[in-house]
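Each of the next two complexes has subunit A plus one other chain: subunit B in the first, subunit C in the second.
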Partner chain A sequence: MEKFAPVKRSEDGQPVRYLIVDDSVFARKNLARMVETFGGQVIGEAGDGVSAISEYARLMPDIVLMDITMPQMEGIEAAEKIVRDHPNARIVMVSSVGYQENIVAALQRGARHFVQKPVKPEVLYEVIKYVMRDDGTTARGAGAGV
Partner chain B sequence: MRMDLIQPFINSADAVLAQGLQSPVSIETLSMEEEAYRRKGIAAEVYLTGEIEGRVIFDVDLEAAVQLASRLGGVEVSETDDDLVREAVCELANQIIGNAVTTLNDQGFHFHVRPPTQHTSEQGSKSSEDTEAMVMGFNTSSGNVFMNVALRYHRRRALERSAVAG
Partner chain C sequence: MTELRQLFFESAGELVQKLNDEAMQLEKSPGDAETTRSLRRTVHTLKGDAAACGFRELSELSHEFEDVLTLGNTAAAASVPEIALRAADVFGALLEAYRKGTKLPSIQSLRADIARLAHPAPGGALKTKKKKAAAKTSRWSEYEQLAITRAVADSKRIHHVVVQIDPQCGMPIAARQMVQLALAELGEVLALYPVEGSLDPGDRIEAALASEKPAEQIRAKCSIPTIALNVRVAPLRAPTLSSPLASAADSESMHETAMPVAANIGAGVTADDAPSTGEPSATPAVASGPDNLLRVDAEKIDSVLNLVGELILAKSMLQQALLEFGQRFPKDVLRGKFSDAMAFQGRVLNDLQHSVMKIRMVPVDQLFRRFPRMVRDVGRQCGKEVELMVRGGQTDLDKSILDAIAEPLTHLVRNAIGHGIETTEERVRAGKRPQGTLRLGAYHQGNQVVIEVSDDGAGIDAEKVRQRALSQGLLKAEQAARLNDAETLDLILQPGFSTAEEITELSGRGVGLDVVQSVLGRLKGTVQIETALGRGTTFRLRLPLTLAIIRALMFRVEQRLYALPLNAVAEIARTVEGNIHQVEHYDVLQLRNDVLPLLRLGAKPASEPETSRRKVFVLVINSGERKFGLVVDELEGEGELVIKALDDQSITTDLVSGASILGDGRVVLILNMIALMDRFTRGRAGVTGPRMAGLLSSVVPVGSSADGIEMRARGTAGGQA
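Up next, the complex of A and B:
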């Protein structure tokens, strides 16, 4: 996998902490592997929207990567509930279902960005840097990046 | 069956498989299915509801499924990693069908996609009078991949939706 300059939190220089939400274990593993190449740390995983809400409150991650089509509660509804309780939550929707109506709904309900599956690491990397910009975060060091 | 409903599935399978495998993919067969679908390997099923209704079965030869799981997961996977191989096939189905659904929705068809489930029965349901199934076979560098698409277009639901929209 491509090398990326690590993205760190500006406040303490620590790795960005991720919560990965997807009903597919395979997809979660792939995303985890990807964010680790960005210097990130996966602090939790959830397989549906309901668990995502409780895991967010428990772990307070820097970024949530959230699938849309999931059992029990879909990702857009979970994102809305998380943002209602935690207005600064940074949620990136990661889904194969990326039609315009869905993207607009996700953004209107508080998601910060949308990435379509299959995820290209270089695209997700740019999105992470963009979403973390309010933290003053930048990629550190002269890595390959994109 | 309307080809405008089928074409996005062909394009999406081609694009997602080629990207995942980093090698070209070709469509080998395309035929109408009249008999009940017979599973060929590790399969996942996705249901669609709304103006377009039906189901798609994504089916991969066991050997190809193991190779796909290894390539997409970036780790060596063997036939004994049964759960991981099934998960990989489900996720691939999710990506291919999700991308096709995206295209169809952006073309004005409104419907919803359910999460993929493992399709473990030997046979799928037969085509019916109003739901024809089309089977497509793809040749990839990892082996054969099949997709059985059985969809029905609900003109009434589309009309109801336009009436509500004004």
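Up next, the complex of A and C:
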């Protein structure tokens, strides 16, 4: 696996803290290994949208990697609810190409970026870097544009 | 898809009508915020629907209009109603063109109007700028160009941003969303291309962005990793002004030649008429009602109605069979059971018939709604002030009848404004209110619907009509002398008649009120004219509720069976030939205190002693002001007849409007009231012609048997619904 320069939080230089949301344990582990190579720290995992919301509130992670299709509550809805309660939440949607429409919807509801499954580490790395950029932390109204 | 299209045209027609209504409302109370909002919503809905159906011109044009309305430019508010009306016309014409697949009408003049509404002051400059902006990125829609133009006019800084999507990105549409969101954070996105779908990895996204941020910041913001391969930001400046004329010519070449505004209005009036007569089953109840409504093809309902007609026929066959059964086995208990079952079946059938008929019923308002606009336009063209009052709009009428009377009603309304209502000066001189009143009304009366068009104008002078008819050669002097006033008035419904001193563009266009007469004749309705000099005129149209089934009185003349709509018969008198006298050239009967002129369907019997004792029946036909008697040999009874249209080959006279088959298989010919009365009037007036004898000897063609007609009648079953 490639070596990535660690991505740190700009405000205090601490490792970026992740919440990984996916109903597949394998996918969660895969993503966790990846973000760790970016110098990140996985502080929580969730298998569905409902627990994603409560885990976010409990852990206040820097980044959420959110799957689209999950039981109980889909990723879009969970993302929307999280952003509504925490406008500064950085959510990156993770999904396969077939769910492009859902990605668009999630972006309109406040998700910051997306990566395509299967996730390529170099892509995810660029995305994480972009999302963690300073100007990216300014709150963005959900549903802007269109 | 076709269903969706159909749905679109129906609702779009409604929206255009609504636009008309709201524009007129706004004209009455200029600048009214609520009306303006409602008008804007209408335009908005139209825009959305048109865009969804891919009708670009309509969606763009309404988009522009909606935008202008949103701007709320108070200085230009006064011209909004006028432009909204013009927009309604152009939208209507566009819809018509889309629907028929014909060449689109010019939209340039409306577009210019709308643009002027947005920027009343500088005028031509706008168009030029827009064109330049378009030249730079020609793929942007008219709306986007307009947005750019407006921003330029507001001296905003506009950036042209081109983002090339990373070919590695598998989700270019999501990528576009990201770019769009990034742009939205930087400023106002005036335009974005491509807008919908059809985006491939590696494609370029172009945007016009109004932002005060430096270009470098914009570039950085849009350089989204994994999405944007490269980003170009260039200023989009207001172009130097080129000659407005050149740009106008330029824009014309894209469409057809622009019509002058005045011509547009004129065309609008007629275009206004066309769609609703053409739209088969748009009913407001269906269009605007709750969700559990169905849109059904009118033909399907017709076929159900036809089947009901056949059932009624079957019922009378059963009744006939029961009658014969009863005669053969008068004491059989089965007879009572049969007749109970039949009575029950009859009731259900009756309900069924009415239910089906109700489906076809639509409120007259559907037709009335277009008149406010027409009255306004025609009034203006005539330079008359006319107020329209509508009542009874909720009266239901068969859809096919409603469609059919649209044209005659239009003629009557035009006529009332053009000829009936006087000019303002004339009215003031006559001591009337300067504003004329036109009343449209509808109500049910028995089995009929009555529609009235009345004005408070000068009224019709029967003497003038008589003179006019004489001078136009419609009438001979001796004939004229015989006609009473009511009969004289009916002359204005004759082809080629016109009372106006000058033929106006509006009413005197060659087709006169005769269209009223002919349509009403076809619908088995009647027209009645009521007029009072100096006080006004009322045209009263009486129409059957439905065309398919009539209640009729059946009778015999010379062994042949005929029928008349029951409601045409006022009374039945019994008499003998001896009581029928001859006055001048026609037969009359002394009925109580009246002398009733008579019309014979059959040949007049030879004057032999025994004929004077022969019993006959006289059906008193009362239609409006006219009353006459129809001499028949025997009455057959009354019943519900399912009308079968007859083709032209089987019947050569207009006196018969249709045929029906009775339960026992006999054919009955249904007489045409209008033609009958017409014949009566002409017959009375005629000196040289034969007496009203043997009118109907020509009805059944020589060598044709009743069977032959029956075959044809069956063959055309359901031809008239």
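Odds and ends about this structure:
Just so we're on the same page, the second predicted complex is superposed on the first by the 130 of 146 C-alpha atoms of A that agree within 3 Å, B and C clash if a C-alpha of one lies under 4 Å from a C-alpha of the other, contacts with A are read in each partner's own complex, and residues count from 1 in each chain.
Here is the rule we go by: a contact is a pair of C-beta atoms (placed from the backbone, for glycine too) under 8 Å apart; a residue touches a chain by one contact, two chains touch by 3 or more.
Since the model is a prediction, treat every value here as computed from it, not as a measurement.
Legend: residue contacts after superposition of the two complexes on their common chain; A:Arg33 is shown touching subunit B, with no touch to subunit C.
In the superposed pair of complexes, A:Pro118 makes contact with subunit B only, with no contact to subunit C.
When the two structures are aligned on the shared chain, A:Gln100 is found in touch with subunit B and with subunit C.
After overlaying the two complexes on the shared chain, residue contacts for A:Tyr130 are found with subunit C alone; subunit B is out of touch. Look at A:Thr69: by the touch rule set out above, it reaches subunit B but stays clear of subunit C.
In the superposition on chain A, A:Glu80 makes contact with neither subunit B nor subunit C. In the superposition on chain A, contact of A:Ser24 is made with subunit B only, not with subunit C.
Overlap of the subunit B and subunit C interfaces on subunit A: residues 97, 100-101, 116. Interface of subunit A with subunit B (complex): residues 1, 23-27, 29-30, 33, 69-71, 95-102, 116-118.
If you check the complex, the residues on subunit C that touch subunit A are 168-171, 173-174, 177-178, 180-181, 183-185, 189, 221, 224-226. Against subunit C, in their complex, subunit A makes its touches with residues 97, 100-101, 103-104, 107-108, 113-116, 123, 126-127, 129-130, 135, 138, 140, 144-146. Interface residues of subunit B, counted against subunit A in their complex, comprise 16, 19-20, 69, 72-74, 83-84, 87-88, 90-91, 94-99, 101-103, 105-106, 110, 113-115.
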